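Paired with chain B in one complex and with chain C in the other, chain A is shared by the two complexes that follow.
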Partner chain A sequence: MGRIRIENLRKNFGAHEVLKNINLDIGEGELAVFVGPSGCGKSTLLRQISGLDQPTSGHIFIDDKDVTGVSAADRGLAMVFQSYALYPHMTVLQNLTFGLQNMKMAKVEIDRRVADAARMLEIEPLLSRRPGQLSGGQRQRVAIGRAIVRDPTAFLLDEPLSNLDAELRVSMRAELAALHARLAATMIYVTHDQVEAMTLADRIVVLRAGKIEQVAAPIDLFDKPANRFVAGFIGAPSMNFLTVEEATPILPTAPAGTALVGVRPQHLDPAETGLDVTVSLVESLGTETVIHATLATGTRILATLPGHVRAKVGEHLKLGGDPARMHFFDGQDQRIG
Partner chain B sequence: MTASPKPSIGAVLTAPIVWLARAADMPLRAWQRLTGRGGMIAFFLIPNMAVFGIFVIVPLVINFFYSVTGGTALFLSDRPFVGAEHFDRLLTCTDHFNPTTCREDMFWTAVWNTSKFVVLQVSAMTVVAMITALILNSKIPGKAFWRAVFFFPVLLSPVVVGLIWKWILQRQGLLNFALYELDMTQVNWLTERSWAFAATIGVSVWAHVGFYALILLAGLQAIPGDLYEAAEMDGTKPGRVFWRITLPLLYPNLLVVIVLSLIRAVQVFDEVFVLTSGGPGTATLYLTQYIYEVGFASVLRNPGLASAAALMMGGVLVVLTLLQLGLTRWRDRK
Partner chain C sequence: MSVLRMMTARRGGKGWHWTDVFTWAWLIMGLIVMFGPALWLVLSSFKTPAALAEFPPTILPYAAQTVSVTIDGQVKDLPLFTTTLDDGTVRQLAEVRRLGTMATMVDPANPTDSVKVNIQNRTPVRQIAFATSNYVDPLEKNNFGLYLWNSVFVTTMATIITLLTNSMAAFALSKYDFRGRNAVMLLIVATLMVPLSVNLVPLYSVISQLGLLDTLWGVILPTVATPTGVFLLRQYMLTIPDELIEAARMDKASEWQIYWRIVLPLTGPALAVLAIFSVVWRWNDFLWPLIVLSRKEVFTLQVGLNTFAGELNVQWHYILAMTVATMIPVIIVFVFLQKFITSGIASTGLK
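Here is the complex of A and B:
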């Protein structure tokens, strides 16, 4: 159980439409990641699903039951907040049991659930501590534990790793993936970090300005972006966009109707013939070298080359690319082919 | 020949300060060389400490000497040493709960009146301030306006507060006029003992609640909204949210409100003096008014006895302040 379906959902704040006719179907046990730039509406969409906000119009179904007007508590969902939202004056144990006590659950059952979650998340030694006495990673575990003990239909996670340092984020990301595999529960995960999205998601929902741009598995999103925005947003560094004329040295013929050619920086290589670029910045990262360069037309271009490649600022380089790995967009920025 | 640029208004206005700073620079540098860092600290502290000393420390010391000397003379040299006689007079009772059995019955009447006033006023103040803060923190239209309305009485002079409420509550005041117009029984708000006592509490709460509500409002606004959303997801009922989340997180602010209002309630004087003058009889005679009357206002004024009473009240205030400090530190450690 845990299918979540959204139909024709709109949300207005005053005259400003924040969510524009959202339609989405998240399958049982699926980990869906909402991703998009700041202000795209991903957290707003999560709040509509959670019940913390009510949509202006449209419907939300959980397991085919319309929960649009149902209170947050009665939707059977659990949420992990960006700030963790742990009650600072309560111990970890009290934080875990607070919601269950509200449900008037029997103490034996509360104890069992807390013990299970604490064991699963390895927070047993922390139960008597207060959140202020915990590290960021430990707080994160407690916040997840508080969601787990509720045994929810689905988990909603609002940028849960954004307050952690880079190292801890990587390890917590792996733990979240393992947790999802173990619980096999439906999870909706909001992030602006595309690495998190790519590594965790079964499917990624890319949002822009309150609209869904594409819903697809991570690798499909990378290989077949539906439009220029998705192509530019997914992948780091971002995809290069060239006019057909600019791409001519590496692309003899473009499909009919092509207005823009997309080439990922990873798919450009030093070559005898190809794009003639002038290097403006070199970022040597050890395993790879990122070249910032410009074409004669002034278009900026990025190339991720092997780490052993050396280049100097001001140097002229030829960059080649495989036409089979290029992306083509029409005048409306939509994918061709 | 080029004309010199016209100085700006800012430069003209700050010129005296700049001149003063330059003039003070050299002697201050010399003083620092002579006395080091400690000397500079002393230099900047001395003006404030002098004012504090003249208006707080010196009167405190003089007050102590008054309390152990007798007579009506004001000059200490003219006052004979009587030791603890004033304290003995104030504290001697057959039954401390019955002021008529005390040597200084008015003192004990004032002590018990003040005690009752403190308990009831602080309780009422805390509850009303909390309710006000909760309302002002909720989504109400014209929030800024209502905040100003509740805070406005705090800006009034206590004498003005007393006069306003006297105008409302006196026998032929506004409230009785309203009751008369509504064909309801008129009440002697200020001349009936229990009503007068209640009136002093009500007026005092009205005058100061804005200040305490503001302290609690600041505390409420410091509670992260996420916690309430987490509670909402947890299905927490509003009452439980208040008792289990809002109140515990508001505890530091609540402590400040209780202790500050407690200290202020012990010192209550001006608005009550204007409103009831301690009457009817001694129904609203509080400790500060007793001290004022014994020391300055009565025909047989007794500065020594008033000073002894003031010292004892000061002792109570010191205990309350230490209590606040202790509780705050205990809470911080927790």
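Here is the complex of A and C:
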């Protein structure tokens, strides 16, 4: 239970095409993360799946049943909203039970589910409070609890951690991962934070301007980005892109058809021979040092070096790299090899 | 304690800064301007018709003092006067009878000894007296109890229906996206520009055709759809995040449940403001009830008050007393819901 398939999905807002022919298959128990820059259509896609919006064309299947015309309430999905969307005038308990009462569920069953969810999320002491009396993290738990008690076919999470502070986000991220492992339910998670995407996902769906750029497991995405956009989007700091001529000092022979060479900042090291760069900024983070530099051609280069590196602004450095860890893109920005 | 501090706080510290003087003068003037008429109304409502007609008018209600005197074996209540006699002595005498400018007066202590006094040489002895009959008579004889009940019924029913229908309209106009939504809203608000007097005749024919003339429902129903209410509630509902409604939709709530269980409770402050407005409007309504109602049994208070103003004779003492009576519920509403009024009006951005 919980397989979601999307076929030829399109969504227009007036003349503006927000989703362009989306095809996607999300397996049972999978945690799929939609990631992309803002405005790429990831939240819109989630809303189509939830049923809160109707696609302009195309079909959505849940467990091989076409649900395109089915209302949000009857799709058996649960959604966690970015703002949590807890009902402010109801207590936590009422928030959790509202949906179940609407389903005309027996009271015994409601009590059991709420008790289970409250124990799992450690929100038992909060049940009689109202959302206004809760902290951000507690509200987040209640919002997730409201989804859990529904026992849905799949969970839809729309940037659920974006309203939390950095520290809480890290711990909630771990809890979400644990929750997914425990529930073994299908989850679709929308975020613009690539760390969340990399750490949580079974598979990442990278979207840009309403199109899927690549669908892959996090490490595959990192190691074998399908095109220049994905290569630049995944990984922090983002990948350096050099022309074949610029890369000649570290790459004697490029594969045929290569227009652009990508090197991750982490894969550049100081060397005897290599790229001749002028340092323009040094960021010491303790565990690593990020060096901003420029080539003679003016191309900006980032290099992340482990530990402390003594470098001064204006200094010349030679950076070497391993051709085996480089990425090659053709004239259409597609991956070669 | 804090109230006392607020009342005595001065900008000049121990002394008086000129702004303190100005503030106090301004506030006292405001107090007199606003409360003066109301206070005068209340005091005048306790005056007898004679005292009301008096010129110059007095602030407090006075009545002539009388004294029981036994004359020729009969006990009579006679008015008491402070009289200056011809020999210059001043005494309190009771008036037995009066002919022209001369009055026959007796000493209450010695009723057999009468004197004739020119009425210019005497002034009536008066004391503060509240003519409570101004209140009791209309309530007992003129069915004001029934009018009161009618007014309460009209106000309550109209307010409940107003809140219900206006909030439904506001819900649709704020939370559903449909073609022509803004046009409908504009149309509703535009009806604010049409004065009641323009509507009176068509409204009367409608009510007449429906057979609602001379019934309280004929007063209630035409007033329940208020553009102000729809506008006020819609503006407030716009501030309720759409995600809440989507969450409810995911929670399998029907559209009615979304309205009844999510939107309506969250619109509480705006509903309170509209409820207060509606109570005051309906309670003070005069023209429309006057037109619809012609049987005494269905009169509201405001229409009932009008019956005291006849063509030849205006019973000011009853009008004043019953005006005070009709004001009381409105005042109570304001006193108890003042907090809602200020906060609600502030949050809805309405004047």
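As a working rule, the second predicted complex is superposed on the first by the 337 of 337 C-alpha atoms of A that agree within 3 Å, B and C clash if a C-alpha of one lies under 4 Å from a C-alpha of the other, contacts with A are read in each partner's own complex, and residues count from 1 in each chain.
As a working rule, a residue touches a chain if its C-beta (ideal position, glycine included) is under 8 Å from a C-beta of that chain, and two chains touch if they have at least 3 such contacts.
Note that the structure is a prediction, hence the values are computed from the model and not measured.
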item	value
Partners on chain A (chain B, chain C) - clash or fit	clash
Chain B versus chain C as contact partner of A:61, first or second or both or neither	neither
Touching partner for A:81 - first (chain B), second (chain C), both, neither	both
Single chain C stretch clashing with chain B - from 60-68, 78-86, 96-104 or 114-122	60-68
Where chain A meets both chain C and chain B, residue numbers	50, 52, 71-74, 77-79, 81-83, 85-89, 98-99, 102-103, 146, 150
In the complex with chain C, residue positions of chain A that touch it	50, 52, 71-74, 77-79, 81-83, 85-89, 98-99, 102-103, 146, 150
Residues of chain B that touch chain A when the two form their complex	224, 226-227, 229-237, 240, 244-245, 248-249, 251
Footprint of chain A on chain C - complex, ascending	241, 243-244, 246-254, 257, 261-262, 265-266, 268
Chain A - residues contacting chain B, complex	50-52, 71-74, 77-79, 81-83, 85-89, 98-99, 102-103, 146, 150
